[in-house]
Structures are given as C-alpha cells and as structure tokens.
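Input: structures, listed below.
You will see chain A twice below: alongside chain B first, and alongside chain C after that.
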Partner chain A sequence: MLSFMAIVLFILVLPRFGFQYASYLMLTFFGYGVAVLGWNLLFGYTGLLSFGHALFFAVGAYTLAFLMNKFSIFHMEAILLITVIISGALAALVGAICIRYTRVYFGMLTLAFNMLFYSFLLKFYYITGGDEGMNVSRPYLLGIDFLGIPKMQFLTGTYYYYAWAVLVIATLIMYGIVSSPFGHCLKAIRDNPEKATYLGIDIKRYRWYAFIISGIYTAVGGVLVAPVVGLVDPSMAYWTHSGTFVFMALLGGFVNFLGPLLGAVLYIFLQDTIMSLLYYWRFVFGAMLAFIVIAAPGGITGFIGSLMNKEETGV
Partner chain B sequence: MCEEERAVILNASDVCKYYGDFCALEGVSFSIKENEFVSIIGPNGAGKTTLINVLTGLFKPSRGKVFFKDRDITGIGPEKLSKLGLARSFQLVNIFPEFTVMEFIKVAIISRQGKGTQFYHLLAHDKEIERQAQEVANLFGLQGKRNVLAKNLPQGDKKLLDIASAFALQPEVILLDEPTSGVSTSDKNKIMETLVSASKKIGIKSIIQVEHDMDIVFSFSDRIIALHQGKILADGTPQEFEKNEEVVCTVMGQKECFKIFSGLGKDEGSS
Partner chain C sequence: MIPDILNILISGIFYASILFLVSAGLQLVFGVQKIFNLACGSFYALGAYTGVSFIVAAQSLGLPPILSLIPLLLAGFSLFFIGPIIERGLLKFIYGRDDHFQLLLTFAIVLMFEDVIKFVWGTSPQLITKVYQAYGQIDILGVTFPVYNLIVILSSLIFAGLIGYMLARTKFGRIIRATADNREVSEALGVNMKMVNVKVFTLGTVLGTLGGALVIPATAAITEMGVDLIVLAFAVVVIGGLGSMKGAFFGAMIVGVLRSISVATYPELELLIIYLIVIGVLVYKPEGIFGGTGT
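The block that comes next holds the complex of A and B.
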C-alpha cells in the first residue's frame, strides 16, 4: 500500500524533476487510465468483452470540442459534468441493446455501434468537422483560464495535476464500485450467470448498469486526452482504437484491479519508444499481443502474481 | 391428523410440456403443503428435471399453471421466483468457481437483502452480511473452509455450497435437483441430515427433491411422487410405496426393486 502511494505521488511530482516529455506522455496515460478502468469494469468484472469503447472515448473528446467551439464553454468541470450526462444517456441506450447478448455477439454489436458513430463523425461534417475534426482550445480549470502561459507549460503544469487528480478520484471511485455489493454481484454474473439468476440477481439490469458506468468512464478519459492532443478527429472512434483498450487491459492484466492502469502506462511509453525506432511498430505490438495471450494470459500483473505464488509455495 | 390443516404452498395444475412432438410432461397435477418433504422419483427421462424447471419458472409449460402461495408463477423466471421465496439447487454442481465459500454465500445474502445495487459502500465493511454469511457457513459445516475457493473444494462440499447459497436466500420452499448425485455414498446421508437440520433453523417450510437413491428417499420423505413417461404414476407416503412393488419396480428398475423388497434397502435406511 505504501509503495503504491509512493508511486502515485512520484507520478504527481514527475514534472517537477524536468521530465517534460515523460510528463506529456503521462498526461495521455491519465486519460487512457480512466478509460481503460471503465472498459475493464465490463470485461474483467462483468465478463463482457467490448470492441466498441472507442465510441465513448470519442463521445467524450467530441463533447469537449463541441462545447468549446459551438457553445464557448471552456470550464473543465462543466464539460466533465455534461460529458457524464451525455455519455451516460448514450451508454444507457446502446447498452440496453447490447447487454441482451453476450460473448462474441455482444462484442460484435458494440463494434457495430462504434462504426456507426465513426461514420456519423465522418459524414455529418457540418456538425463534427468531418475527417478534419475540430480544434480543441485550452480548458479553464477550477474557473481559472491559463491563456497567459505557453501551451506545453500549461499541459505539463496545471493541467497535469488536474488530470492526475481526475484519474486518482476515478480510480478510488472505481475501486469502491468493484468492492461494493454491486461489484460483488457483477463478479458473480461474470463467473456463472445462470447461478446468479437463481440467486435472485437480475443479470441484464446489472450488466446494463455496468455498461453505463463503463461508458461514462471511457468518455471522461476522452475528455482528458483531447486537450493534450489539441484536436479531435474521427480516428478516435475508429474500431482499431477500441482494440487499444483491449490491448492495454491484456498487457497489464484484467484480473488485477490496477492491471489495466499498468497496461495503459506501459502501452503509451512502449508505443512512443517503438514508433520512434521503427516504422513497423504495429508489427511489434501484434507480436507482443500474441505473446501475452499465449505465454501470460493474466498479463504482467498475472505473471508477477504467479511468480510470487511459486515463491510462497516453494515450487 | 393435522394433514388437512396445513396450507397448500405450491400447486401444479395440469402441467404439460412438449418438445416438438415429444411429450416430457403430461397432465401433471399435485399440491405441496407446508412442512412437507416431498421426493420426486422416476427413471431417467421420466420428466423430473423438466418438472423442476417448470416449477422454478425456467420453462413455461405448454399447458397448465403453477401456483406458489395462490399466485400464478407460470414461467415468471427464476430471478423473480427466488424473490417470492422459492429457491433451487442443481443436479450438476453449479458454483462461482473463483469465489471463496464466504464470497459465494454473500451473493445470496446481498440479493435477499436487496443490497445488490449498492455501489457506494464496501462489502467488506458490511458487518450484517458478514455475520449472516458466517451463520450459513456454520449451518452447513463449512466454517473451516470459509476462505477456500469454491473450485478447490471437494465434490461433496461443492454440492453443499450450491445448496447453502440457495438456503441463504431463506426461501419458503426449496427444490433440490438430486442433492446427493455425484457424491460418495458415505457423504450422502451427511448432506441430507445437514440440509434437513439447516432448513429447520432457517425456517424453510417445504422441501421438494428429485432423487434416485431410494434409501435417501425412504429415509427422509413425508411423501413420494413417482413420475413415469411424463405422468404421475403414484403419489403417496413412503409406507404406501413400500407396499406397492409394481410401482417401485416400474419407476426404479429391477435392481432397486430387489434391494427394497428383499429388505436390503430398509436396513440401510433405518441405520
């Protein structure tokens, strides 16, 4: 626990040590961290594999861009609140249809909705800016605008701490959710839906709730990432982007609560390093994914866990 | 003597179930009264599990109705039924493999207390759920294995845990689909005694079980319903059954028939 808190605080003070580029990458992690926590509520805790969460990520990012460009709303708190409402409503609608199915059918349906939204972003260009997307301005944080300072200084300074705080709060809330009676029922549904039904659990309703929470989390992740990228475009909603969440969670390990967060941070830093070295970075990532699935299906946290168990049992 | 005074708690009326042209149940009618332990017997394919599935609302019968405390529960589904006070256990072990014994029982208690949608407090801090889960674990002799994963339990304990979770719902009626199947002969009586005493402590009014083991059936039942080819062949007390060689031989086959009528079954049952 202490070492965990030390890591969290180390991340907080990272920009103070002059690691500006690393801090910039960490900013992306803060957004993806929130998003993948949401994705894993569905997969790791409810047993539903979504291939369409880029939909919600893009909903978050586009909500921010839309509110800034069309309504001149720059206050991050207002944007987050509106995103929660919009993504919650959309997740309720999409979820109500998707949760009627499980396994590959669920995955395919989420993918279908994902691509529907992608087409919407691309074709309704007078609303969404089409393939050019929309520019993202600098948000106001806690009612203060930071227009006077250089962009990079804003991002790796005030915005860094803000996004860090959002991730920490989101992580604590998610931990509360998965450790609550509700989270316990989700795990029961994941393990044996038939038995859960006979114990009086309305599995469709619970899956629906999980879907809504998951959608909101992923959208909040999209809101956090948009100012870092400075632009929102339809590629955010492309189906391969949904695969990113799957990859992150598999890399870190979806069984462990913090596994997806570890996966997200590793993914972002690895992607950055490998992209700078190789043009064929996707090839490397593909090989890595295959290796994880075959050699360490529990991801990195699962692998470490099994090593520790072996030590304990002396095997 | 008090037979007539007991209220009917579960009533099946002219229940039929067809799978295409195949008739799994044909005109099955019976009533279960409060404080009755009823065994449903019959050869393989007689329609026992279909009947349990109809009674627990999983299958909608092709014809007929099922009433629980005078309420029509035909095909309402297991989730709603468990809330009304009718629970079941399964023929094949049906568990949450990754849950410890305590976590497993807690699912039922959370559900019964309607706390399933509470996501704003930690389950570990809920002392009431913890206490009740411990009580159920104690009732079923699982107190020493509270933190063992369900998948690592011996077969008999898995079966017991499946039943314990159904009992934790504190139902008024429980349907047990072959509670001792796949369990060693030495464990069978232990399981039955445990669940009968647990049902008294929890306040379960009636038990309906599907069972193949005639020793268990004769030892524990107040009443036996024999199914054959989807129809009720006989319905009576164990004493009446023991006299009816023809019915027992039809339902249970020659081997059981010989055991019972040569006296072997009685000796084991009374020991």
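The block that comes next holds the complex of A and C.
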C-alpha cells in the first residue's frame, strides 16, 4: 500500500521536474491504464479472452470527437458520462451475444464485432470522416476552458492531473469491484464454471455484467487518450490495437491486479523507444508476446511473484 | 436479370472455393491439434503476396499470361516450409497448455507475419494485371462467365476430392481421423504424434497459401487481407461446424455466395450480413451444420 502511494505521488510530480516528453507519454498511459484494467477484468478475473476491445476504445474516442465536433459539447464530465452510457449499452448488446460462448468462439466473436465496427468507421465516411478520421480539440475540464494556454503546457499541466485523477479513481473502483462478492463470483466462474453453477451463481449474467463494465472502462480509456493524440481515426478500432491491450496485460502479468497497469506503462515507453529505432516494431512485439506466452505466461509480476515464492520456501 | 444472378453466383462460388481451401486447412489443424490457428489468414496473405512476386517474375521471363496458373500453384506449394518452422519452432511448446495461451500464441504469430509481409512487400497494394483477362470469358447457354473463376472452382473441387480421398482411403487420412477423435488412444496405438503434428500443420499451411495465391488474379494483395480472411474463415467454420471438412465446404459456399450478393447490392453491409447469419447459427445450432466430432 505504501509503495502504491509512493508511485502515485511520484507520477503526480513528474511534470514539475521538467520531464516534458516522459509526461507526454504518461498521458497516453493514463487512458490505456483505464482501458487495460477493463480488459483484464474479463481475462484475469473472468477467464474470457477478448480480441476485440479496440471496439470500445474507438467508441470512446469517437464519442468524444462526435460530441465536440457535431454537438459542441466540450465539458469532459458530460462527455465521460455520455460515453459511459453509450459504451455500456453497446457492451450490453455485444456482450449478450459473446458471453454465451467461451474460449475460441468468444475470442473470435469479439474480433468479428471489432472488425465490423472498424469497417463501419471506414466506410460511412459522411458520418465518421472515413480513413481521415476527425480532429479533436481540447475539452473543458471541470467547466473551465483552457484554450488560452499553449497546447503542450495544457496537456502536461492541467490535463495531466485530470487524467491521472480519473485513472486513480477508476483503479480504486475496479479494486472495489474485484474484491467484492461479485468479483469473487467472477473468479469462481473463471476457475470452475460447473461448480459455480452448482453453487447457484448465474454465470451468464455475471459474465455479461463483467463484459459491460469492461467495455465501459476501455471506452473511458479511449476518451482520455483522444485529446492527447488530437485525432480519432479508424486505426483505433483495428484488430492490432486490440492486441495492444492483450500484450499490455500479458507483459505486466494478468494475475496481479496492478499487473496490467505495469504492462501498460512499460509498453508505452518500450513502443516509443523501439518505434524510433525500428519501423517493424510489430514484429518485435509479436515475438515478445510469443516469448511471454511460451516462457513466462505470468508476465513480469508473475515472474517476480514466483521468485519471491522461491525465497520464502527456500526451494 | 438471370445472367446477373448467375454471375453473382459464380463469383460467389469462386470466392467460396478460396475460402474452402483456407478453411479446410483451419479445420484439419483444429481437428488434430485442437488449436484454432488465427495465423491461417496470415498464410493466405503470404500466399497472395508470393503469388504476385512469382507472376511478376514469370512475366519478366516471358511466360504467356495464360499459363499463369503454374507460377501461382508453385507459389502456394513452395511456402510449405513455413509449416514446420512454426510448428516445431513455436507451437510445440504449448500443446498441453490452456487453450487461451494457444490462441495468444497464434495471435502473436499473426502480428509477426503482418510485419514480415510489410518488410518484404511494403504497404501499398500489390496487383497483377493481364492474367485475369488473359483467361478470357466463356459463353455457356447465353451467359458469359470469366474462365479464371471456373478454373479456380474446378481446382478447388479437385483439392476437395483429394482431401476427401486422403481422409477416407489412405493410412495418413485414417491417422488424422483417429487422432482427431482420440489423441491419447492413437498415441497408445503407436502413432508418432510429432510427425503427425508437423505434417498436418504443414498441410494446413499449404492450403492457406494456395488459397491466397489463387485469389490473386482477381483481387489486389493488401495488408488487411489476412485479418479480413480470418474473420470470414471463422464465419465459415461456425456455420459449417468446427473440425468438419464437409462443414468447411458448405460453410464456405454459404459465406462466399452471401458475400457476393452483398457486394453486388449493399457493399457496406457485407460483414454485417454474414455475421447476422453466424449469430443465427450460434443461437439455433451452435455446433454448426456438420458440427460434433470427427472430420
């Protein structure tokens, strides 16, 4: 708990020390952190591997773009609320179909819905801007319009703290969810669905709830990232972007609650480094994912955990 | 009116032939190794791009366009070496594991292949000209059909027949059916699983690359073609039944013709229409038309 507080404080003061570029990267981490927490609720806690979460991320990002460009709604709080409602409804719909199946079928159905949305974003250009996407300007935070400040300063200043606050709140809420009886039911469903059913748990309904929460979280992540990037385009919904969430959670470790967050921050800095060195970074990440799956499926937190276990038992 | 419908049908069956080849590979690998190979789309894309390169090389060597089928078939078959590399190099480590990890591994392979293709061929679409037209058109009962479509449909039927014969009459086919049914008993009876795994996966790979190579005269090779295909291949195996060859055949027909109809009427709704049928099948007969065990 103490180390967690220390990390929170450290991230809070990062911009003050002038690490401008690192702070800019952290901005995307805040959004991706919320998004991958949502993804891992499904995988780590409910045992459902989704290959289609870029769908919700894009829904969040495009909702923000839509609200700002077509409806002139700039208040971040309103945008977040509307995103929660829209993504929740969409997740309820998509989830109702997907959670009836597990494993391959679940994964492939999520992928299919993801690509369906992607082709919608691409083809209906008169609504969505097609492959050019839509530009995104700055939202009002807490009702205040910050358009007077230069962009980088806004982003690494006010927006930084706002997004960080959203991530902390989202993390605390998620921790509450997974520690609650609901969360324990999810784990039971993950580990032994038949036994869970015999114990009286309605596994379909609980999986459905988990799917909805998961979709909402990832959409909120999309809302947070969109103003940082300044543009929403269909590539946010492309299947490889779904792979990003998978990779983040696997890298950090999907068993540990904070693992996916660790994976997200590592991925963002890694990607930035590797992309500047190599155009074919997807190959490197694919290879890393293959390595993790084969050799270290628990990710970094899993690896550290197994080391600590060895120390305790002295084996 | 009727000629239009027939043309839509034929181009639907043409695409279905391609889908069948790739889906057959998917079904074989799933039946024997119980792995849903997401990378089958990548093999398809690889076959397509390699097909383009082979045709370009053949044309520069002066090959008349009408013989283009030869370099295409060569392209498909020549990529067989990818199968053993992936199977022995990556897949063998995860055979016993939870199937989530198997899916994740094939997903990682898809990621890697996307960049491999970009590295070798770049990001702009690759297409070959002159080949499709070189085969010309044929007049049957007053309706004109592209000859190339008919050639591919015929080839696919031949391959389907060969696969069916292999499965039903040869020793290797019996082994495939046995291991798909019950792996442990088969091993206990002396089947060399290592060899079977490599051979089956290689066969699945070649079916994928062949499908990609054969489709190339009719369409351009683009970066997204791998994932576009796996989405459709999944529809095929859901409708037909996971693990079933007959399922791959009928599923491919349904998806291929549906796609053709949609492309001719409402192109934006192509995937939606297909997936509405998928959802329908999942609701009413989740195992698919020929679902259950066995090939």
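Everything that follows uses one rule, which is that the second predicted complex is superposed on the first by the 315 of 315 C-alpha atoms of A that agree within 3 Å, B and C clash if a C-alpha of one lies under 4 Å from a C-alpha of the other, contacts with A are read in each partner's own complex, and residues count from 1 in each chain.
Quick note on the criterion: contacts are C-beta pairs under 8 Å (C-beta built on N, C-alpha and C of every residue); 3 or more make two chains touch, one makes a residue touch a chain.
Here the structure is a predicted model, which is why all the values come from computation and not from measurement.
Student: Aligned on chain A, chain B and chain C: do they clash or fit?
Tutor: fit
Student: Given the overlay on chain A, how many degrees, to the nearest 10, lie between chain B and chain C at the CA centre of chain A?
Tutor: For this superposition the angle at chain A equals 80 degrees.
Student: Is A:177 in contact with chain B, with chain C, with both, or with neither (first, second, both, neither)?
Tutor: First partner only.
Student: Quick one: is A:188 in contact with chain B, with chain C, with both, or with neither? Answer first, second, both or neither.
Tutor: After superposing on A, A:188 lies in contact with chain B but is clear of chain C.
Student: Among the partners chain B and chain C, which is in contact with a greater number of residues of chain A?
Tutor: Chain A has more residues touched by C than by the other partner.
Student: Regarding the shared-chain residue A:104, is it in contact with chain B (first), chain C (second), both, or neither?
Tutor: After superposing on A, A:104 lies in contact with chain C but is clear of chain B.
Student: Let me test your reading of the model: by the given contact rule, A:283 touches which partner, first (chain B), second (chain C), both or neither?
Tutor: second
Student: Using the superposition on chain A described above, determine whether A:93 touches chain B (first), chain C (second), both, or neither.
Tutor: neither
Student: Quick check: superposed on A, how many Å separate the nearest Cα atoms of chain B and chain C?
Tutor: So the smallest C-alpha to C-alpha spacing between these two chains is 14 Å.
Student: Considering only the defined contacts, which chain B positions touch chain A in the complex?
Tutor: 56, 77-79, 82-83, 87-88, 90, 94-99, 103, 106-108, 110-112, 115-124, 126, 129, 162, 165-166, 169
Student: Across the complex, what residues on chain C touch chain A?
Tutor: 36, 90, 93-94, 97, 99-101, 103-105, 107-116, 118-119, 227-228, 230-231, 234-235, 238, 242, 267-268, 270-272, 275, 278-279, 282, 286
Student: Spell out the part of chain A that touches chain C in their complex, as residue ranges.
Tutor: Those in contact with chain C are residues 43, 47, 49, 51, 97, 100-101, 103-105, 107-108, 111-113, 115-116, 119-120, 123-124, 239-240, 243, 246, 250, 280-283, 285-287, 289-290, 293-294, 297.
Student: In their complex, what parts of chain A are in touch with chain B?
Tutor: So the residues of chain A touching chain B come out as 176-177, 179-185, 187-188, 191-192, 194-203, 206, 209.
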